[in-house]
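Read through the structure below, which is laid out as structure tokens, and then see the notes.
The chains carry the letters A, B, C, D, E and F, assigned in the order they are written, with residues numbered from 1 in each.
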Amino acid sequence: MSDSPTPLDPATRATLEGISTATITTLLLKKGLRQVWIRGSRPLHGGSPRVAGRAFTLRFIPAREDLASPAAWASPRSTRAAVEAMPEGCIAVADAAGGVTDAGIFGDILCARMAQRRVAGLITDGVIRDINGVRDTGLRVWCQGTAAPSSATGMIFVNWQEPVGCGGVAIYPGDVIVADDDGAVVIPEALLPEVLAAGPGQEKLEAWIMEQVRLGHPLPGLYPANEATLARFRAETGG
Amino acid sequence: MSDSPTPLDPATRATLEGISTATITTLLLKKGLRQVWIRGSRPLHGGSPRVAGRAFTLRFIPAREDLASPAAWASPRSTRAAVEAMPEGCIAVADAAGGVTDAGIFGDILCARMAQRRVAGLITDGVIRDINGVRDTGLRVWCQGTAAPSSATGMIFVNWQEPVGCGGVAIYPGDVIVADDDGAVVIPEALLPEVLAAGPGQEKLEAWIMEQVRLGHPLPGLYPANEATLARFRAETGG
Amino acid sequence: MSDSPTPLDPATRATLEGISTATITTLLLKKGLRQVWIRGSRPLHGGSPRVAGRAFTLRFIPAREDLASPAAWASPRSTRAAVEAMPEGCIAVADAAGGVTDAGIFGDILCARMAQRRVAGLITDGVIRDINGVRDTGLRVWCQGTAAPSSATGMIFVNWQEPVGCGGVAIYPGDVIVADDDGAVVIPEALLPEVLAAGPGQEKLEAWIMEQVRLGHPLPGLYPANEATLARFRAETGG
Amino acid sequence: MSDSPTPLDPATRATLEGISTATITTLLLKKGLRQVWIRGSRPLHGGSPRVAGRAFTLRFIPAREDLASPAAWASPRSTRAAVEAMPEGCIAVADAAGGVTDAGIFGDILCARMAQRRVAGLITDGVIRDINGVRDTGLRVWCQGTAAPSSATGMIFVNWQEPVGCGGVAIYPGDVIVADDDGAVVIPEALLPEVLAAGPGQEKLEAWIMEQVRLGHPLPGLYPANEATLARFRAETGG
Amino acid sequence: MSDSPTPLDPATRATLEGISTATITTLLLKKGLRQVWIRGSRPLHGGSPRVAGRAFTLRFIPAREDLASPAAWASPRSTRAAVEAMPEGCIAVADAAGGVTDAGIFGDILCARMAQRRVAGLITDGVIRDINGVRDTGLRVWCQGTAAPSSATGMIFVNWQEPVGCGGVAIYPGDVIVADDDGAVVIPEALLPEVLAAGPGQEKLEAWIMEQVRLGHPLPGLYPANEATLARFRAETGG
Amino acid sequence: MSDSPTPLDPATRATLEGISTATITTLLLKKGLRQVWIRGSRPLHGGSPRVAGRAFTLRFIPAREDLASPAAWASPRSTRAAVEAMPEGCIAVADAAGGVTDAGIFGDILCARMAQRRVAGLITDGVIRDINGVRDTGLRVWCQGTAAPSSATGMIFVNWQEPVGCGGVAIYPGDVIVADDDGAVVIPEALLPEVLAAGPGQEKLEAWIMEQVRLGHPLPGLYPANEATLARFRAETGG
């Protein structure tokens, strides 16, 4: 178990934060990947900036009454210890036992500690609790919603930095994650150069196409851009 | 395939925009219709005005990897061509392959083009992508939410102006659609005169009943209104 | 059928309104209760104050076309009569036939009457209709969302003040309900003293822990608080 | 609460046992009823004879740990007392708290007692336990399947002979129920004469149509039968 | 709309009926196809021989009370006309409005006619009715189960030989379908030569591997077969 | 990771195989455990004897196209290696990525190898493939059903002998599992003595109660047995 994946270097992070998750999924689809968007994980704070970082995974399984109790929170393999192991800039990705939505994986206190440790975000196919307190911590969260009960009501924490499923997507410790108002996506390491190379140009092209639409151009030939359109794009923008 | 259903005349449209979808479903229930409200289609922008128009349908089926790819977007039977076929004032109703929620049927560019073509709204049992960009286009949208992946990730576009199912409701090209903050409903052509005749009076009555409630009248006899209440309503309002 | 459970006395109500539903579920979990949070019941107005009161239950079953019609609204065993039987300060808890989400159990007129009768809140595993009108009444509502069709489209009202299931939780007439932005929970009468005794102290402790987190203290030992932490808490706060 | 609805007279029962549930739903659809087939209720023993009888209803709500326990089985308002109140020839219809499938409403002992009391059948949108023992009792059962845990694990029994929802259908005490290998349907009392009058003739006609199909007749005009076909049917069968 | 796709030639059909659907999905996965198995479509008669044929598609949308009625069965665009248009040896694939399971798409009479017209099978993500009668016709059926109500209760038939979704898979008229006790799969035309070429050898290899397992060989190296194993296979079988 | 938990000693195994899963869940409920029955795991062969053994866990996560392929089957951390690590008499419990039902976790070859290694059973919340071949191996299987596609179509195998969730239940390597026609349950080690002590007597009592029911005794006082009944039971059976 590697607790500290090498963080993204600042340039890579900045580039990724300039590419929308929509564009990333399109680039990955061209490489044959369809299972990269984490289902059921919506932003708690719409309209705030995109985040990118390496995945720090958390694994939960369903509760069993002899094992799941508040007492477990003090165990050395607890969510508390997991939070203390998170490196700055990582994105915590929590498998909520396959998407449990009637027990919150984290509440305000753990999220406050994550915010203070400069964790870049929390992504889960489950829910959080103490929603107002969590909002106040400033931690960026993507989840299915809110529930009052604690994780011990419906889940047992197993471990951190194991491969997990989250929202139907396989996430390995250290995978690159990008999240914005359209949700959260994973970029496999091997495809990261591709995304970094093609993403910014694609964003520039789409912004120019959007402008053409506003000027009244019809879609066929414009989007997706045919050769003539691409030539015009390059001529006008130098792109 | 009729690409251009006769649009609603302005008076009909104005009348419909004054009748809530709640009232329309009650009027249709009295005629035996229960399957008229499109499930899972929520307004992207709450609080904006009601819209009414004729349905322009779009049909998607689930993706198959040999057929669903970005390349398909340039086909003559593409969503792009469909958008160009939409008449002013229509309401696009998209069957997202039975309600696929992990691939967006449309993103900001197509919605921008629809807005520019003065399409009155987009209704789907699926989701959209590029949510912030879509909001900026001003197009009125009712959908299940947002996903980053493109339609090619999960769906194949088949055709426009075919009968479709959307949110468990049968929609035929040219059916009348009304949508507001309670969602979207279909009015079969044969029942449109009924709705136009009874709707405004019902709205007036309910507003008056609401006023009576605020004045402290109890519900029995008031709502639904018995004969005495109706007589009082007519006397007070001339309605 | 007792139509008028003794309301909560003001002191109890005030104490409960100072304990979060998250904290209440933790206290009840320590007593072995996991099924106390009403699934699928979200606040219509986020950010407003917590409410507490005794449950006034409403029971619906699925619609059958020979029985479910607008005509039924005038029956003596109607939702209208139920509203008139609600005592001030109660919280209406409606079993929407197991969670029907395509027909609204109540609309603006009934909610307005409830607000006027000083009902403290409405909680359902179903949905409401006339969402803007309902918002305007000021009634606090927890529900799954909105639908245009009336209850008669999908449900039959059976009776009030019977034991019901709501969001997977058993609710008996007179049970104590607390609801806030994390949702709604039930407190069995026998455990109410426990909650009233332990809740305020737990809230005070958690607020102090939150402060320690902001000061940079790591989680292990702090939360859950070990003996040393508790000693420090008591020393610093007199708590 | 009427514990003993008048049983079906033998002639009515015999006639109903000669009409398939498929035919009954078609007859009721012609009267505007669509919500009459109990979803998720499959025969435990395929291929055995059709049963008809009056509904004896049982109502469960979800479990809450302070109330649902084996101790409750000895209460006067228990499932045991309910079984003892069932009249000969009735069909028990159990609302399994909206379709709980991870706790069996009844096991072999209660089913054995029902069989001995000559209950005609048990229908539920939930499941049973002790499947082999239940099969041995000979009681006809329609359910969603099997689960090992007892009802107390997931449900609380509330009462018998109340209106219930079962598989999305409203069932009132005394409603007429018919069940066969296609499942179970309810016939409202007011429509019973209609079904008794039209059912046998419809069965005879369909049997004759089936024979025509075997002889090679194409479907159009044959099924549904047009006037010429009906004339031929009457001429050949005297029907 | 091509009502009569060229049927599979007898040799192709015979070869396909010798390749299990499990093996076909593995061959297609190697070509990047994952969405080829029709979810929720189980054999009505387990243990009978595999079938292969070209798809004859049927499309249904959800019911609307003004359109879905027994009267529609006599329309020229009815399921009856569709059955009469089915060529010998085809496999009917019915999109049950996205998988409606509370109304049967076909009953005994239509299935009897299909059997007589030598239709090779019926595959749907919905259900059938008159289950005993359907079994007696001998038609091979794959479906989700049984329901008493007719299609008019829950669906409207739209047309035949259009592209459809069935169980989450895109099916076009004329696509090759193979079905056995593991369910039904689609083979895109362009990949049919691949399947015909590789399938029989793969079946022969797997049968030999199964024999090795029975002889006590461990799995690693055996399955999937490494070079040494393949050499041994070829030496022993000449395959 | 302990690949070889101590197997159950023969006497324990024999005792457990004489206690029904229904009885075990009742005994565990008395100890406060409700989450012990594995949802969605039905016997592939009904009517065969009960099995008991220690859990050997398998963990899968959802597929990602860059990682899930037939090539992965040859990896050292493959399902093949897992099968070779299973000790005689264990019960394999596979978490099918939270219950994936459109890709089979195992087919006939792996099941044949498990049967040969004298694995006592396979339990999963997913499905198997090659259903006829699996039946022929004689391996006892509990699963949700069948699908043609291989595990690589929908899942990635992660590891064996980790804690997993299966059908909503937490299973740890070495937990005791018992499975019969009512499904599969887990017995935590600490409660095993309790079950072994109380189970056989409970079975004997229930068999005697069943006999009393056949003799015509009513349920109240008999089941659950009151003191008088217990005295009679002891007198008659010496139990």
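Criterion: a contact is a pair of C-beta atoms (placed from the backbone, for glycine too) under 8 Å apart; a residue touches a chain by one contact, two chains touch by 3 or more.
In this text, all values refer to a predicted model and were calculated from it rather than measured experimentally.
*Asks:* Tell me which chains count as touching both subunit A and subunit D.
*Replies:* Touches both subunit A and subunit D: C, F.
*Asks:* How many hops, at fewest, get you from subunit A to subunit E via touching chains?
*Replies:* When the steps are counted carefully, the minimum from subunit A to subunit E is 2.
*Asks:* Pick same or different for copies subunit A and subunit C, depending on whether their interface residues overlap by over half.
*Replies:* Subunit A and subunit C contact each other through largely non-matching residue numbers.
*Asks:* Averaging each chain's C-alpha atoms to get its centre, pick out the one most distant from subunit E.
*Replies:* C
*Asks:* What's the chain with its C-alpha centre farthest out from subunit B?
*Replies:* The chain lying farthest from subunit B is F.
*Asks:* Could you state the distance in Å from the CA-based centre of subunit A to that of subunit B?
*Replies:* 32
*Asks:* CA centre of subunit B versus CA centre of subunit F: separation in Å?
*Replies:* Computed value for the inter-centroid distance: 49 Å.
*Asks:* Which positions in subunit A touch two or more other chains at once?
*Replies:* Residues 32, 34, 36, 63, 65, 168 of subunit A touch two or more partner chains.
*Asks:* For this entry, which pairs of chains touch?
*Replies:* Contact pairs between chains: A-B, A-C, A-F, B-C, B-E, C-D, D-E, D-F, E-F.
*Asks:* Can you check the complex and tell me which residues of subunit B touch subunit E?
*Replies:* Per the stated touch rule, the residues are 32-36, 61-68, 97-99, 156, 158, 162-165, 168-170, 186, 188, 190-191.
*Asks:* Which of the residues in subunit E come into contact with subunit F in the complex?
*Replies:* 20-22, 24-26, 29-30, 34, 36-37, 39, 42, 46-47, 168, 180-183, 185, 206, 209-210, 213-214, 216, 218-220, 223-224, 226
*Asks:* Looking at the complex, which residues from subunit F come into contact with subunit E?
*Replies:* 63, 65, 69-70, 73-74, 78, 80-81, 83-84, 101-102, 104, 107-110, 112-113, 116, 129-133, 145-150, 152-154
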